[in-house]
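Alright, structures below, take your time with them.
Same chain, two partners: chain A is paired with chain B first, then with chain C.
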Partner chain A sequence: MTETLSLDSICAPSEDVVAREIEGELIIVPLASGIGDMEDELYTLNETGKAIWGKLDGARTLAQIADELAQEYDAPVDAIARDVNGLVSELVQRKMVVVQ
Partner chain B sequence: MSSDYVVVNGAGQKIPNAVFAELMAAVLARGAPFRFQASGWSMLPFICDGDVITLSPPPARLRLGDVAAFVNPYTDRLTVHRVIARQGAGYLIRGDNTPSQDGLISHAAILGCVTRVERRGRAMRLGLGPERLPIAVLSRCDWLIPGVARLYPLYRFLFKRCK
Partner chain C sequence: MTSQISAIEIQNFALWDKMKSKRSLFSFDLEITARCNNACRHCYINLPAGDKAAQAQELTPAEIGRIADQAIELGAMWCLITGGEPLLRDDFEEIYLLLKRKGLLLSVFTNATLVRAEHIALFKKYPPRDIEVTIYGASRESYERVSRRAGSFAAFERGLGLLFEAGVRVRLKAMALRSNLEDMEAIAAFGRARTKDFYRFDPQLHLRFDGDPARNAEIGEERLTPQEIVALERADEARFGALQRGCDTLINQDFTHFGCDHLFHCGAGNGSVNIGYDGTFRLCSSLWAPATTVNLRQVSLRQAWEEIIPTVRDLRSHNPEFLQTCRKCALSNLCLHCAAHAHLETGAMDGATPYFCQVAYARAAALRDDPSYADGAPYKAAQNQVGG
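After this line comes the complex of A and B, so read on.
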């Protein structure tokens, strides 16, 4: 089923991933069929992705996350909102994030 | 869909040992099994270079002959070797094909236990069942490597016949 994502959506990391920040990099291991399988794919997020991932707490909307990041990085909120929407859409598609 | 934000690391990509151990620990701490490709020959013939092994979270107490994954405190390297004796709250651990023991490893250092070995897609059971006990005893007495050296040609012959 395709999740409908908007800036009012509230998202959180899936229970089926293990994410660890190691040596400055956020590495995400999907637990495919409940197994952390290094024979499958691993994911790493870039700096932008890491900042967004850190705010996906299942409480804030994507719009709120974009506002906070715009303030923290002193950047236009529209551009940040596009980044947030782009990343979260991709993570939802990869089943690493769930829409609540 | 663009992948501007997410970098996919394909299977088989080399990951630094410490990072790999941390990921392993994180997955096992969640109670989930961890599957990866082994490298090296220190557990020959029971685990060979390229075998895919599955670890499960460790039980409260390891049994003699269990094959455990741990970060060796003496070398800082992720290691998968066999328990050859239990001493107090720790274990004497040694590779089946190594000339010396890894030393006394505390239970807290154990990340997981090997529960499955696959070689070219086939499950390899030898070394993980009840036979692990005599294997551990032979290893502790330094008789395993000479014994395996004598029996390995027969083992390989039987393995090929069973394929």
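After this line comes the complex of A and C, so read on.
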């Protein structure tokens, strides 16, 4: 599944998870069985992950997301693109994000 | 590159500590119906399955969704769906899914007799955190003596079997009462054979929310004597051992509340609230005193959380008998007394219930392994000495 992911991919959160922000933390709550690795777990994203998650809207490509974040954080786009690709690959693998 | 996503077991989530440091709503219990297909003798809430008036008062899925949204705004992560028997509602699946899709972690309390293939499919696809099932008896005779419904034991066994076969996480519990007392050993064996860690029993019966005198008389008849309760607790070695190890924290004069006239020293309304089938908001499942409830059809959950709870928790007692006894008693951690139960028993949140005292004295005598404590004399003497 991760093999098909590229910076041209457009991704969105799966309908089988809900993201909630509590006390400034982004928490991903799996709804359906088979999401994540183990039972009885929640998932959190760090600050970079949170910024990326917020842009996974099913409209932007991963490259566009990386460009936007590079401008917002005044950081090299290549490094940001690696972060975007790394996180989204992991989320796709965990079935928390779907490639459209 | 380090991973930007972390999986954390729910019980180890640092967020809970952050939430505890301020006043946050962690969870809410949602009684989606007071009706039940069983007619258990000891039940504090059950109304007949066909009670049309009660059914007409039940919160609709839209109302439940609105309340859940407000609970989530206040931070809620957990919701317990209970009743009555929640699977009695035709729209159970709709309610379950709408709560689930809001990102709430769900538990369900059920008697399991109505579990059908469609519930199993639902729970397999969208797993609850757990489903808690009560064992009323380990045989048809004792089970149906409690449930008063022919065929209910077979339905219970069938439903429970379906849940286990599907791998749904099930916790088992039992209520210990006169009608199943002789079967308690078999009930414990039944429970422990099916779940390793989650079997528990409760011998303390509450009176009914609606004050029905005939039903309350039945509950009174079902209550075990203090000696029977202690004998049951002694027979459960793990439970009794834990109580004994915690004896100094359970029985401790330093933990009493000398000079304080507050009615509430419990956790009611701290982090968790209860929502009744008709929208009645309560600080806990037992607190039905009229001055302490509001209806969420008229008042928002935020208003109840921010205004009603602090007001209720600030209520005081002016009853000298209460202030000289219960409020100063070192056995409060072994006792069923609280403002809610006192109200159900006596009509007053600071009323005395001798049965509760007797149970607490008997439990203390057993934990201290000293029969001279069984009449409560040492505690009564301490109450007279400290604080006048």
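The rule is simple: the second predicted complex is superposed on the first by the 90 of 100 C-alpha atoms of A that agree within 3 Å, B and C clash if a C-alpha of one lies under 4 Å from a C-alpha of the other, contacts with A are read in each partner's own complex, and residues count from 1 in each chain.
Rule of thumb we're sticking to: a residue touches a chain if its C-beta (ideal position, glycine included) is under 8 Å from a C-beta of that chain, and two chains touch if they have at least 3 such contacts.
The shown structure was predicted, so the numbers you read here are calculated from the model rather than taken from an experiment.
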Next item on the list: Considering only the touch criterion stated at the top, classify A:Ile27 as touching first (chain B), second (chain C), both, or neither.
Entry: both
Margin query: Looking at A:Glu41, would you say it contacts chain B, chain C, both, or neither? Reply first, second, both or neither.
Written below: both
Check: Looking at the overlay, does A:Val18 come into contact with chain B only (first), chain C only (second), both, or neither?
Finding: both
Margin query: Just checking: does A:Gln93 make contact with chain B only, chain C only, both, or neither of them? Give me first, second, both or neither.
Written below: first
Next item on the list: In the overlay, answer first, second, both or neither for which of chain B and chain C A:Gly49 touches.
Entry: both
Note to self: Looking at A:Asp67, would you say it contacts chain B, chain C, both, or neither? Reply first, second, both or neither.
What the structure shows: neither
Checklist line | Residues of chain A at both interfaces, chain B in one complex, chain C in the other | finding: 18, 20, 22-23, 27, 29, 31, 36-46, 48-49, 52, 83, 86-87, 90-91, 94
Check: Okay, in this complex, where on chain A does chain C touch?
Finding: 18-20, 22-23, 25, 27-29, 31-33, 36-46, 48-49, 52, 82-83, 86-87, 90-91, 94
Notebook entry, point to check: Can you list the chain A residues touching chain B in their complex?
Noted result: 18, 20, 22-23, 27, 29, 31, 34-46, 48-49, 52, 83, 86-87, 89-91, 93-94
Check: In their shared complex, at which residues does chain B touch chain A?
Finding: 1-13, 15-16, 18-20, 22-24, 26-28, 30, 32-37, 52, 54
Margin query: Could you list, by residue number, the parts of chain C that touch chain A in their complex?
Written below: 1, 3-11, 13, 15, 18-19, 72, 75, 77, 100-103, 105, 124-127, 129, 169
